[in-house]
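Order as written gives the chain letters A, B, C, D, E, F, G and H; numbering starts at 1 within each chain.
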Amino acid sequence: MAVNAESIRRLFREVRSGRLSPDEAVQQLRHLPFEDLGFAKLDHHRALRAGMSEVIFGQGKTPAQLAKIFAKLAEQNGNVLATRTTRAQFAAVKKKLRKAEYCELARAIVLRRDPKIYGKGTIAVVSAGTSDIPVAEEAVVTAEVMGNRVARLYDVGVAGIHRLLANHGALMRARVVIVCAGMEGALPSVVGGLVGVPVIAVPTSVGYGASFQGVAALLGMMNACASNVSVVNIDNGFGGAYVASLINRLS
Amino acid sequence: MAVNAESIRRLFREVRSGRLSPDEAVQQLRHLPFEDLGFAKLDHHRALRAGMSEVIFGQGKTPAQLAKIFAKLAEQNGNVLATRTTRAQFAAVKKKLRKAEYCELARAIVLRRDPKIYGKGTIAVVSAGTSDIPVAEEAVVTAEVMGNRVARLYDVGVAGIHRLLANHGALMRARVVIVCAGMEGALPSVVGGLVGVPVIAVPTSVGYGASFQGVAALLGMMNACASNVSVVNIDNGFGGAYVASLINRLS
Amino acid sequence: MAVNAESIRRLFREVRSGRLSPDEAVQQLRHLPFEDLGFAKLDHHRALRAGMSEVIFGQGKTPAQLAKIFAKLAEQNGNVLATRTTRAQFAAVKKKLRKAEYCELARAIVLRRDPKIYGKGTIAVVSAGTSDIPVAEEAVVTAEVMGNRVARLYDVGVAGIHRLLANHGALMRARVVIVCAGMEGALPSVVGGLVGVPVIAVPTSVGYGASFQGVAALLGMMNACASNVSVVNIDNGFGGAYVASLINRLS
Amino acid sequence: MAVNAESIRRLFREVRSGRLSPDEAVQQLRHLPFEDLGFAKLDHHRALRAGMSEVIFGQGKTPAQLAKIFAKLAEQNGNVLATRTTRAQFAAVKKKLRKAEYCELARAIVLRRDPKIYGKGTIAVVSAGTSDIPVAEEAVVTAEVMGNRVARLYDVGVAGIHRLLANHGALMRARVVIVCAGMEGALPSVVGGLVGVPVIAVPTSVGYGASFQGVAALLGMMNACASNVSVVNIDNGFGGAYVASLINRLS
Amino acid sequence: MAVNAESIRRLFREVRSGRLSPDEAVQQLRHLPFEDLGFAKLDHHRALRAGMSEVIFGQGKTPAQLAKIFAKLAEQNGNVLATRTTRAQFAAVKKKLRKAEYCELARAIVLRRDPKIYGKGTIAVVSAGTSDIPVAEEAVVTAEVMGNRVARLYDVGVAGIHRLLANHGALMRARVVIVCAGMEGALPSVVGGLVGVPVIAVPTSVGYGASFQGVAALLGMMNACASNVSVVNIDNGFGGAYVASLINRLS
Amino acid sequence: MAVNAESIRRLFREVRSGRLSPDEAVQQLRHLPFEDLGFAKLDHHRALRAGMSEVIFGQGKTPAQLAKIFAKLAEQNGNVLATRTTRAQFAAVKKKLRKAEYCELARAIVLRRDPKIYGKGTIAVVSAGTSDIPVAEEAVVTAEVMGNRVARLYDVGVAGIHRLLANHGALMRARVVIVCAGMEGALPSVVGGLVGVPVIAVPTSVGYGASFQGVAALLGMMNACASNVSVVNIDNGFGGAYVASLINRLS
Amino acid sequence: MAVNAESIRRLFREVRSGRLSPDEAVQQLRHLPFEDLGFAKLDHHRALRAGMSEVIFGQGKTPAQLAKIFAKLAEQNGNVLATRTTRAQFAAVKKKLRKAEYCELARAIVLRRDPKIYGKGTIAVVSAGTSDIPVAEEAVVTAEVMGNRVARLYDVGVAGIHRLLANHGALMRARVVIVCAGMEGALPSVVGGLVGVPVIAVPTSVGYGASFQGVAALLGMMNACASNVSVVNIDNGFGGAYVASLINRLS
Amino acid sequence: MAVNAESIRRLFREVRSGRLSPDEAVQQLRHLPFEDLGFAKLDHHRALRAGMSEVIFGQGKTPAQLAKIFAKLAEQNGNVLATRTTRAQFAAVKKKLRKAEYCELARAIVLRRDPKIYGKGTIAVVSAGTSDIPVAEEAVVTAEVMGNRVARLYDVGVAGIHRLLANHGALMRARVVIVCAGMEGALPSVVGGLVGVPVIAVPTSVGYGASFQGVAALLGMMNACASNVSVVNIDNGFGGAYVASLINRLS
């Protein structure tokens, strides 16, 4: 039951005390806090439950739709984030919320209002090649919006292993590591072998031919021979950072 | 460089002070602590680096091979764990190490010597159906051997959602959740939506026909609509618990 | 034999009575009611056999082709439906049939002439996320055109299970349920576990990366752990509603 | 919430009347009727909700495990069914329940105690080839145990279309049709075009080479050009009959 | 309608003449010549229609089942053939039909009674490697039983192209060519480029790793750059020869 | 050796007689009749060998490239055919060869100069749905250009089996049948069961979702339960007709 | 360790001699020669290690990005190569480096400054069809830029095997052979059987339908029955030539 | 033409001189040196062409078949090798050839008679994990039989990158490197980045779940971000060594 036991107990007490009739109680039990935008129910409860606000997946939404949802979320939450967005979508948001920013590389729209750092340590975001940067930046922006310190380690792919090793120190200082890589997706195995903290692997669709839009990388990561690696969906920089943020908040 | 900067600096200092010749220093630099068993190099360094000892993957090894590696690891580490093992392999280990135990359901051999609890909170291990239990138990044994408190929530698949909800409290108390599910692999999405902590999803090969030995579950989990889910390989209960343990150790 | 026994018997009787020569009888036997539009044979018999008129699949047809077929069907049947259509196709139809309507969300052209309710109960159309709505609406329009009462339950995905549970009553009142979901396709399992009526699952191509344009959802639904679930093709909202309508007509 | 509104209302009323304290009420709310067998929670509620008792999937269970679950279910329900069973499993069940029968072709164990017919009409079970019979028989046994009249139409594959047409009458009399076919899985399309009732397609793993253990048949059925076809998992005769039974019970 | 127009016309004439009542005529129309063995309907009509008798697919049948079907077919047809059979199945057949032979390499049981040559020319059966011989021999036996002259060209794979070219003459004399090849399945392209007659390609499951049990060969053959190539299922030597026989009979 | 034995023998004779020096003979042996267009070697020999001229695959070629190759082939052969062409490509060809025609539905450019009928019988081209017509028409044009009589049977898909049966006579008169079908690709099985001649199945990419651009149809056809079916590549109407033409020429 | 032992020894010696403090030494050890362009670290060391300069993969880069990287590489290396480029990218490069050339067929930008021949023999680049030429030309340009003599053998696909055999001499003279082929990818097997040197197979995405954008060719080549074949990624003409160049440099 | 120009020229000369009649010459031209064992044609020419004798693939052959082929090859060649063999096959060979040896780890039968070293340098055989050793040993045995010096580097997987780096020297001394790895197949990328010589990658079927019997490793290697990597089939240690040997022989 999504409604927690305490609030139910309170309902029962109010019924006992006569402040509430049984029917009113059933009514209240059902009155869960939804808001109806017509095409999407926003769930403010979820912020309490999952520790963070819902994030908007911009792809496939019209600028108007996106702006409307964005503005709605902006009424209540701290920071607001929309991923996979275009400049056109940003323009529509910008009209409603002048403080919204566009992160070009990450293709994300951000409204930063809560500067607080919730993360206990640093999240390292590692990427294999230049083409993986959009996914890595989506992870960076997400992690920052969720209140984390972030360290970038870009272009340290496994075919030039010394580049990665030269940045070993930064890796070692991280509390959790996000690794974005396409093609053969080998980087999480190597990074996982170097560090003693959780590694979140994000396969990217970078590559061609037998990379099958990220499937080769995804399979590589699922079979990582380092045991501290878990994997999220292809190009899901947001998801990688979301998981990393939850881990980094644990105290 | 896997050898950390401090030990290199020490080497330079000893060279400077004359206690070591340059050639001896190069020699020492290279003298990494490997042991050679003939067919597998055990890496004691890794315990320091990754925070835990190497674990033996029993499948495909002869009882004699397994017992030899197990005994070797037992010389130095605290707890020792071998997964995907058979009763025959256990018999061979038992002859060398009388305190080794066999966890039938988990198909694991364990030597428990370090009873210390390293985890900060509880790891909940959730499984969808009866057939997922071997994978879930592998996760439980691994998590326990790595010094965690574990709470089991078995047989709470999504087709009987009230069973899961009836155990909502135990879920909410966990610091990290491992979810093992085969068939459609839907459970991590539901669990992920209920809790605000990291969820490690372990697809199992349970199912038939279009489950493709766990591929359907794996894909389901990669596409989980809850953002706090990351995924390990099919039937990889060990890996799920390894990641969960690292997360649970963070302080 | 598609021609039923009764009409054959009648033919034999007319031959016996001399009203028909054997050759004329063979001729009549063959004279099945086809009409030839040049590029598509419309089958009016099928309305009798399958209980409903043929529906036009608009995708890939030119506005002129679509309008021609639509008008032809409109000569004889009650309601007429074309799915996967564009505004341009609608414009061409509109010129021929002024009462035709365009259902924007469902991308469907409808000519409503038969307002009769044939369905015995209500069909619930459930969708997981905002992006699944076009498929869900195609199901809604189809079910309505086929003479059913429809209840919409949108945006009740499994990662916010309380939203679904809050609508439990509407689900329970349905005689048959259509569930549209992309990504991991978990919703039919959960809904199937809640209701005691048939659930028609419609995987949608919503998602990215390892969703493989709906394959992950399709596999998830094929492996649904609830036994009352059967599945139609990806994005096939029409097919889901067609099956549901047949079920709902049974008396 | 799986617990329905009525019982909650009753709880509130009892609290109001003082027959129950708020804490007792919360307690009762939670006391959902599970039984714990150690490795599988049986859900008697589900019979009420889904209209039928849980069915045992025998594959992978030891004779002892199967017999134990079977006996447990036999304590409360009417008919009991276990699918994908072996003669050895049946022997174990037989010892506990002398009236249990073994359906050789269907590989099912049945305990028939409720002879009542719940279905409104006849379910036709159609199979393409001789090798599809085990799956078809699983459907037949399931449908019978669930209280349906069943008509078998076997060996009427599409390469000898006249065999199917010769049985057209039986098809036309069915209220719902189950079609089991392997290889190219074409039969549901043809049957679907002949009848005006719902067709449940069950792909079988019959075939070799490019049949990929039923994948070719599954894909064929997902793409059936008849609109009244929905599909269940490969070799899932039980699932096909379960859906058909629910449909056949609707009144 | 499988029943041809002529016999229907005859029925009408008999009705006209009064020799048959309309009801008797309908009855006769339906009386199609099936025989019911309980588990498989044999179709003697098909011999007339398709020009050859049905062939038994032995795999998965018990010796008793196979022998029963074999004997039944032997009552009426000329030659009888069962493919994918074992020595045990042959023993059962042998008891009933002393003249049955077992073709070891082809794994086929044959009863040769009609020595007539129906084919107009020679069928060349070409195989790439030694391991492809069982499939090639199944093709040879099938072609012979169907009354064709056959020329074998074995072990002429593309990596030793001169072996194939050295047998160029035999290829050129064939009226239709069957090519069996596993691994990369390249042989049909080369053979297709050398001859001006139809080439039936039979992919075999020979290979390992990325041959995926014949899928690589199948795909290779589907993409053959010679235009005179068409393809049958993996390891389907029988099917290749059946198609080749039909072609070779054309006059 | 592509060069036949007779011409080699002649060379040896000329060497013996002194009309040719050994070195000249080796030179002549190598002088195979190629022409070099810079980007494609046309092979006039092949017309002799394979019985027909090479056909141009238009897709991906610029209008200029296509026109150049087309004109080159037109210098020597009878009919010339280019498939998968656009109106723009046709315009370029038209400028060079005024008699070239464009077959809109088939997307083919044809230059008809040889009206001779080479085929012994009629080729029936059967298609399942309206959308399969472009592929079917490519087959028709190819078969006609290669000197065959062609009978079209369109829109006779298996979900309306009586439409196919109503055209049974035309099918029965064909010497070879080409069947084009997308979606579940079931039509070749049904047609194959009705006729006693070779059936060439052409899967089309018609469909959506789980049709996977023709893969479902391809697999269906590979597993056709009628034995007289062989298959060519997806959308390869040309290939189907090429094979059918070779068969139809056999005497 | 990417830094070789000799340079480390030198560091130790300088520390010993007092020319360097331990801390300075650690500093130097870390000072690996990277340059930071902001979005891509160029690795000049790699030229020393791998024997050749890094090559730019143009696809997905803006003209400005490409030109910047190209110019940076041009500061230090001999020849510079960018593959998968467009005319627009070339225009941007041309502005910075007037001597840059564009290879239309190969879609490559080249700056040739080092005319030296490093290869010991000739590299033969073989292609199956006209459409494979872009990939083959990428291989040719790469091999030339890396200092090799190249022999082209184009349009010698296996369906016209005599064309290949007519060029047998050129093949036999090559020290290493690159074979580019799409569709069924059979050419490397045939070529591999003819020559006694390494064959690098490059599958191309040429084809349609069941070629799956080069997957059929890739699988064909992985299963090549000639043992001297190894394979690179689909359309990876560059990679094929890179490997061939390394082989051709060996002395 | 597999027969080279020189021998043809010689034939012409003998015809010119009258020592040979034209017909005898044609006869000789055709008399290619095949031997017919009934089930496999051995090709002694190939030793001359490809530089090495044919190797026997033992899998699926009976001990008797294997021994017969082995003995036949032993009549003429130097070293003889059979891969994928069993102890039973070895026993049969041993009876015929007392000097044959069995390489347990490599599962290979070897007859060593030619101790000559043909390779110019050393071949390094690198393997990722203990389970990859059988494939690596097949490569080692093959390379040795073909006359190469071999250096083994085992158990140096990427999750413990320092193990690989500690063996950097041995890698740098190799003239060609073979890398065997299963699971994610990342090792060739790392090794490829460290060395400047050709790397032959051999994916192994080591792994479980999403490793798909080596497919994940194969895809990883096809997408290796190091350009000096080419790939052979899964578990094809022999093929890797064959290619490496050809490279190592080049002078």
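Side notes on the structure shown:
Just so we're on the same page, a contact is a pair of C-beta atoms (placed from the backbone, for glycine too) under 8 Å apart; a residue touches a chain by one contact, two chains touch by 3 or more.
As the structure is a prediction and not an experimental result, all values here were calculated from the model.
Ranking all chains by how far their C-alpha centres lie from the centre of subunit F, first place goes to B. Rounded to whole angstrom, the centroid-to-centroid distance between subunit D and subunit H, based on C-alpha atoms, equals 54 Å.
Subunit A and subunit B have centres, each the mean of its CA atoms, that are 25 Å apart. Subunit B and subunit G have Cα centroids lying 41 Å from one another. Centroids of subunit D and subunit G (each the mean of its C-alpha atoms) stand 59 Å apart.
Shared interface positions of subunit D, defined as residues touching 2 or more other chains, are 1-2, 5, 30, 46, 160-161, 165, 193-194, 209-211, 215, 218, 222-223, 226, 233-234. A list of each chain pair in contact follows: A-B, A-C, A-D, A-G, A-H, B-C, B-D, B-G, B-H, C-D, C-E, C-F, D-E, D-F, E-F, E-G, E-H, F-G, F-H, G-H. Residues of subunit H that touch subunit E in their complex: 1-3, 30, 32, 34, 39-41, 43, 45-46, 59-60, 203, 205, 213-215, 218, 233-236.
Across the complex, subunit B is touched by residues 128-129, 157-161, 165, 183-186, 189-190, 192-194, 207, 209-212, 215-217, 219-226 of subunit C. Those residues of subunit C whose C-beta lies close enough to touch subunit E in the complex are 1, 5, 8-9, 11-13, 15-16, 18, 21-23, 25-26, 29-30. Across the complex, subunit E meets subunit H through its residues 130-131, 133, 154-155, 160-163, 165-166, 208-211. Of all residues in subunit A, only 1-2, 4-5, 46, 49-51, 55, 120-121, 165, 168-169, 172, 175-176, 193-198, 200, 218, 222-223, 227-234, 238-240, 242-243, 246-247, 250-251 touch subunit B in the complex they form.
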